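In the two complexes below, chain A is the common chain; its partner is chain B in one and chain C in the other.
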Partner chain A sequence: MAQVIADRRDVDFVLHEQFKVSELSKHEQFAEFNKKTVDLIVNEARNLAVKELLPTQKIGDRVGARFAAGKVTLPPEFHKAWQLFCEGEWLAMPEKLEYGGQGMPRLLSMAANDYLVGANFSFMLYAGLTHGAGKVIEAFGNEEQKRLFLKNIFTGKWTGTMLLTEPEAGSDVGALNCSAKKNDDGTYSITGTKIFISGGEHDLAENIIHPVLARIEGAAPGTRGISLFLVPKYRVNPDGSLGEFNDVVCTGIEEKMGIHGNGTCSLTMGGKGNCIGTLLGEENKGMRAMFLAMNEARLHVGLEGFACATSAYLYALNYARERVQGKHLLQGKDAPSVPIIQHPDIRRILLTMKSYVEGMRSLLYYVAYQEDCASITDDAAAKARHHRLIDILIPVAKGFVTDRSFELCSQGLQVYGGYGYISEYPMEQLLRDSRITMIYEGTNGIQAMDLLGRKLSMDDGQLYLDLVAEIQATIDRAGQVDGLAECTARVAAALAKLDQVAGHIGKAARSEKILGAYAFAHPFLDVFGDVIVAWMLLWRAAIAAPLAAKQSKDTAFYKGQVKSAEFFTGAILPVTLGKMEAILAGNEAAVEIEDASFGG
Partner chain B sequence: MAQVIADRRDVDFVLHEQFKVSELSKHEQFAEFNKKTVDLIVNEARNLAVKELLPTQKIGDRVGARFAAGKVTLPPEFHKAWQLFCEGEWLAMPEKLEYGGQGMPRLLSMAANDYLVGANFSFMLYAGLTHGAGKVIEAFGNEEQKRLFLKNIFTGKWTGTMLLTEPEAGSDVGALNCSAKKNDDGTYSITGTKIFISGGEHDLAENIIHPVLARIEGAAPGTRGISLFLVPKYRVNPDGSLGEFNDVVCTGIEEKMGIHGNGTCSLTMGGKGNCIGTLLGEENKGMRAMFLAMNEARLHVGLEGFACATSAYLYALNYARERVQGKHLLQGKDAPSVPIIQHPDIRRILLTMKSYVEGMRSLLYYVAYQEDCASITDDAAAKARHHRLIDILIPVAKGFVTDRSFELCSQGLQVYGGYGYISEYPMEQLLRDSRITMIYEGTNGIQAMDLLGRKLSMDDGQLYLDLVAEIQATIDRAGQVDGLAECTARVAAALAKLDQVAGHIGKAARSEKILGAYAFAHPFLDVFGDVIVAWMLLWRAAIAAPLAAKQSKDTAFYKGQVKSAEFFTGAILPVTLGKMEAILAGNEAAVEIEDASFGG
Partner chain C sequence: MEILVCVKRVPDTAENEFTINADGSDIDRDDLVYSVNEWDNYAVEEAIQIVDRVGGKVTVVAVGDEDSEEVLRREMAMGANDGLLLADPAFADSDGRGIATILKGAVEKGTYDLILTGAQSDSGAGQVGGMLAAMLDIPYASLVDSIEVVDDQSLKIGREIEGGNREMNSIQLPCLLSIQTGINEPRYVGIRGIRKVASVEIPVLGSAELGIGGAAVGSAGARVKRLDYFVPVLGAGAEMLEGSTEEIVDKLIELLKAKGGLK
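Presenting the complex of A and B:
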């Protein structure tokens, strides 16, 4: 059967040839993850994904999460998949063994998730949120909270969420109204309504654990007065057994464009005055906890969007190879019709998809790899450097990757022609599902502001400088490789121009021209991401070019790596440079226009 | 109530100030359409749209067309809307009075359809196809066919379709298998299956008239052997009454991403050997008939996509004015939160939407206006020139406009944040509905090939030269207007560069570099369209700039016109120039890459 999630050869290339995952096993922490084990784990993840999760993708879309009388019911196929998923211990792959994790390198868990999320992202969203909730408890919980909750969460016996959004507090978290009142026993009574809670209620697991942002009565307004609480659906007795219902009521789920397999819940806490939570971390430090948990969550959302795109690419590629329609341009009208992959317009679409998918896969895996590098080093400076690289790349991994992924899904749909619009084929679901990733976990506009307003200037610009040094190192290496002179020069030119743009917009953002600068925050994220993709493709080509010259079963693959770099740097980067010119031009019309002049 | 379909001030601006619709009334053909009448008709169209059609939009999406036992049932609200629509005589606005039309300028009917299609495009698709079928009969039918069918079609008593696509013949029409066998009485027995037939079966009207492409037994393969037939669902007796069922059986409808209100049917003709059609036009000349009908159909699809975008813009604008979230960037953390229209990123999105919507509205209306100009002149050279302008702009009006409209819908959805993804709000339906317009009536890849491969070189390039002369005339006019020097210079520079690109790619398309050229056909359509939008915005600004300087109730509107031009030429055209550089660079990787190197 043709591949329809991730191209295994490409996954292996990134794991073994680009980031050399098994070298991590030289360190004690990852000693058991040699090449053989790595390959075995990817095999197992792919098997589970293809055989068990993928068949539930369309069921999730068609049947979906159903709401009735406060309960959310998932299709039986989801229950079976959840059981297998938990039995396989896939939920907390990189976490510590003592809490039910596997202690795996994040780079490897990223590869496994490439398959698992790609097989059914609305299903895997339950897992991702559960993992995220566990991470918050691990980072901020006291020993009692960890003892009571962590293992059950990391093994999927209980699931988790994140209760953040309220009707009047979306992007502006500081506006939230949910309140907490301290009780004599040190617990808090929680009252309030949260919306857009993915996996907020369902019948997959016996308990659901909600980290909740709320304001302790009398606390400061805005983000400074927000605290984080642990609020289970059912209370947990000191012996770990389930106690009484904790007055967390699901009042409905949203009808939405996609990810129908995941119920998006409205939850009311304390409607009967009977919702009890415990403080996670310190009072009024809830936002700090949020931010720490956010990198992982945003990286996961980037992967969700990406998973739709890599799948869309493979489906479109397979379809283009099979669908016979129209004559070859170099042949006459009476020649036999050819597979549409022979048509230049289709080839351009496919190579656009291929190069972005490859570049974005490398980017996502790279961020995970930086986590591993940070965790194995004892050198504080090196550790800090890895964290800086992560911090500056997170808005790209979330915002840029999901923006491009949605576009790639649309391009893949176009390859199918009319069939792309029909629910019988996979493309329209991928397009619908992928669209949410541009919105949740911080809209991509928020990501762009995070890059421009925080990350670019953080630590006196050191995050950015570290990243540029990494890109420059690849340019230097690629410059030594036969056949890559032109590609290398193009990436170098783009980096030089990005430097100019970053200097320009970064300075403007800290001046009286701040409004004009922020009007170009999102275009800046676009060009920033394009340069990163170009960097990753050049890195790949520098490995592949020497190998492409030799005859082997992988020759076509390696040649394809070089072509991706040639195409992206030759046909996409000129557009990126145009986008950079637009930023440098600094047109202020969007700031200057009077509100009334928008019409309406 | 806030406007949610088309901005009336903008519609009036294009009708009266840009194209001066009432001057058409100086010609006998349009004598009754003075300004007062024009305004009355737009009022009436808007009333019908807002009060009667708009409430059916979501019903169409949720309830949709239902299939059971060969019948397709539409919601009762669609029946009522169809009755009002037909009573108001909106179906064939620009057609001749003798056949039930209103003899209206196409420019005016475009404005009316801006509202009607914008209110419910899947409903209006029945009307558009019916109108199109009538046009084909008017152009190619004999007197008997016109007498029997035309008035009932143009008044909506019967509806129409176009039966073209088959499972193995989509973009490649010439591959079709549907067959026709001549009978002794001069009629033809039709046999075959057609798919993706919008409005192919429904219960809105008592009869459905299908123009059908089929191959007469023994005719040549490919497009040369295709003929066009008139195949009614129920046969029509010589006295115009309905006869027996004509063996056109609906075997199912597609589940699809959007436009649920319009049933996409599979039709089997002659399954019982009892389907009779009459020849429309000449034997083996079916493709010619198709092409002649195509301009109108493609313009209508462009309008469909555009209608989603203009609506998305107004919804997003209204939402941005009402949704309070986050602090103003120039104010402190303790300042009150502001409507999100105050945030630069939102303003950039809104101004991007506004400028594209305005430019594309002008483009669509301009094409309609050229039809009017052609119809009122007796000067053969002038008439030919108007038709050349229409011909070169059709792939832009269809392909470019629908590509951009889908993107604008996505941007509008983004303004809503999480609410954009929820079916309770209008954005996600607009996004889903709009996506089909990039596919049907010739995919946008086909449009791009039409522009590059046919229109650019047709008549020794005269179509292109005529268009450039029109753009240049606007540049010359705008150059005289105070305050527009910079915008004008930018449009002139873009036109000069487009000229270079068109020369480059046009030459390559007729050389041994044809494959490489066609790989950039779609990017060429993109930049071609951007220059046309820039042209239209400059035209608008040249009218508005002098008026913006005076105080009146329209000052904000006119200032907004200038801002659209400033923004598009200052912030978008630099990107367009980058896309042009990419075309000129002529990267051949998409052509060179081996099929195996795509992976999978």
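Presenting the complex of A and C:
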């Protein structure tokens, strides 16, 4: 059997050759994580993923989460997988040891999650949300909240969620109605209904901890009056034992297009007036808390989408190598049929998938790596610069990556022909599962607005300028590498054009042409992401090109890196330049068209 | 109980497509994903469980190049106490007897009550355990699928017999057992275990330290030499089914029905 989920050589290339993860071990914080440890961790993440999690992927889809009488039950296979996952302590890999984390570099945890999430995304969603809830408590909880909750969450004994969405408050969180009334003992009585809550109710763990956005009675309307509360399914006694049921009732789960293994719940809190929460952080500062937790959550969603794409690529590649169908174009009609990988159109699809998967893997790992770099430096300016790079790349890592990942799943399905469309094969599930990543944790439209409306102009444009300087540094390096002149020139031209587009649309967004600018926010995110992928592929090629010339067991891999860069810059980037022209042209029809003229 | 478990680094069958190399002498080993031999992993798990029950220590040993250190470290992360790498250029291309000779050198450096090997490895010969036991002149049982420590003198062991039968034996310590898969459910390696062995130095012993002469091991000492390695040509009446697994299964069912094997 060939490799599944992620190409190990590619994962190793990004870890060791592109970002040199072992060098982080020179710093005390990551001293344990030398190359041998890094390799063992990736080995064992892959081992658990392939042997235990991957077999539950289809079961999760077919059996799914089931709802009856206020309870959600998961397939039995999920329970064993959860037990093994928690025993291995994979849930809070980069978090502090004192709270049940493993203190590893985020870059390394990204590689481990590449396999784990790729093996069963709906299962790993329980872990991702639990980790996220723990992060919120770690950042904003008081010592008592940390003592009572954090270790049980980071070890997976209890799971976590995030309760934001309400029927009338989706992308517009400020419209929420969930209310909190302060009690004499300092706790709050919570009342309200939340919907679309992933993992809101299940039988994997004995308790579920919900960070909840709610408005304290009398607080200001909109986002300024929102506070964050910690609401457990079962109350937790001062000695850490479980107390009484906390009146958090699951009233149903959604029938969804994908991720059937994860119950998407409607939760009613305080239906019997008996739901108690404690404040996380300060009153009316709930949105600020959410924003601080958001970067990590959005990066994780980017990885979820990406995990579907990398799986789709390897399935498609293996299928194309096995599936014999049709004659080679250069051979006669009497020649034997050939594996479909020999057909030019299939090769085009596969190289499109390969180059995007590689570029996006590098992008996601790069963002995690910036977190590590920020955490090991004492230089405040350097730290701030790493955070600026993270901030500007988050909407790309979430929005662009999940958009492209869905498209790549579709391309991979195409390689299978009719077999891709039937449930016997894995492609249609990957396509369905990946689709949600474009929607939740802020739709990709929101991500595009975040890039254009906030990140591009934040700190007087310094985030963008820092990023451009990073890309330019790679262009300068690649310019010195034999055989990469054409690729380098193409990336340089694309960066110059992007600079022009960013200036144009950024200015429009701050003018009376704001509507026209925002109508192109998503296309801007799209071209922005393509330039980032081109940057990453050029970076990879600059490492690989000199090595590709030497004969070794890795020659084919290194040649493949150069071909990815050649293909992307030569066959995809020109289309991106065309899209940039469209943004510059700034057609305003979408803004001008009258509502009635849409027809219908 | 002092237990020595012999382990080997092999290509991972779950994650590789195997092809014959250009000169037809072996599989193409470039770009393969490697892991610990599956049978050996069961043996390590069994050793850890025995030590958990009766006390003692588990040492894992491998013959191989420096890359084999990763499987030793992995088994130590799983719970083995010590590792020992037997590496020397002179060991390259040893036959089964040569490998047993090298292992014998390591066994004699310690005092082990029990030695475990996997029932077989990627080469499929299943010969090293038996040869090593003979060289050490200790009792040997193969295809062991259960172990019960009776006292510090003997074990009660179960063996898998052809046709699905089993037998129980009493065996005196010290002894050597080759372990069959299914004897237990090997644990997964967690991050904490890996971190514990992150900085452990694994000793490396070569031919000089083991007191092994060059004529007994390596290519020079090999009395079994591979002459050829190939995928058998199709014989008369044989048909290779091609396509995806599902397609192959469909064709197979069709053929079985056509030939009367399935109604």
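Keep this in mind: the second predicted complex is superposed on the first by the 600 of 600 C-alpha atoms of A that agree within 3 Å, B and C clash if a C-alpha of one lies under 4 Å from a C-alpha of the other, contacts with A are read in each partner's own complex, and residues count from 1 in each chain.
Convention: a residue touches a chain if its C-beta (ideal position, glycine included) is under 8 Å from a C-beta of that chain, and two chains touch if they have at least 3 such contacts.
All of these numbers come straight from a predicted model, not from anything done at the bench.
Q: Under the stated touch criterion, which partner chain does A:41 make contact with: chain B (first), chain C (second), both, or neither?
A: A:41: touches chain C, not chain B.
Q: Based on the superposed arrangement, let me know which partner A:102 touches: chain B (first), chain C (second), both, or neither?
A: It touches chain C, and chain B stays clear.
Q: Is A:32 in contact with chain B, with chain C, with both, or with neither (first, second, both, neither)?
A: The second partner, chain C, only.
Q: What is the contact status of A:51 with respect to chain B (first) and chain C (second): first, second, both, or neither?
A: In the superposition, A:51 touches chain C alone.
Q: With the two complexes superposed on chain A, say which partner A:424 touches: chain B (first), chain C (second), both, or neither.
A: Both partners, chain B and chain C.
Q: Touch test for A:140: chain B only (first), chain C only (second), both, or neither?
A: Neither: A:140 stays clear of chain B and chain C.
Q: In the superposed model, which partner reaches more residues of chain A, chain B or chain C?
A: B
Q: Report for A:84: first if it touches chain B alone, second if chain C alone, otherwise both or neither.
A: In the superposed model, A:84 contacts chain C only, not chain B.
Q: Would you sort A:556 into first (chain B), second (chain C), both or neither based on which partner it touches?
A: In the superposition, A:556 contacts both chain B and chain C.
Q: Give one of first, second, both or neither to describe whether A:2 is in contact with chain B, with chain C, with both, or with none.
A: Both chain B and chain C are touched by A:2.
Q: Do chain B and chain C touch any of the same residues on chain A, and if so, which?
A: 2-3, 9, 324, 424, 556-557
Q: Name, in rising order, each residue of chain C that touches chain A in their complex.
A: 13-17, 30-31, 33, 35, 69-70, 73-74, 77, 187-192, 194-195, 198-199, 242-244, 246
Q: List the residues on chain A that touch chain C in their complex, please.
A: Touching chain C from chain A are residues 1-4, 8-9, 32-34, 36-37, 39-41, 43-44, 46-48, 50-52, 84, 87-90, 93, 102, 104, 319, 322-324, 419, 424-425, 553-554, 556-557.
Q: In the complex formed with chain A, which residues of chain B make contact?
A: Within the complex, chain B contacts chain A at residues 2-3, 7, 9-10, 165, 168, 170-172, 174-175, 196, 221-222, 254-258, 264, 314, 317-318, 321, 324-327, 329-330, 333-334, 337, 341, 343-351, 354, 406, 410, 413-414, 417-418, 420-424, 428, 431-432, 435-436, 438-440, 443-445, 448-449, 514-523, 556-557, 559-560, 563-564, 566-567, 570-572, 574-579, 581-582, 585, 587, 589-600.
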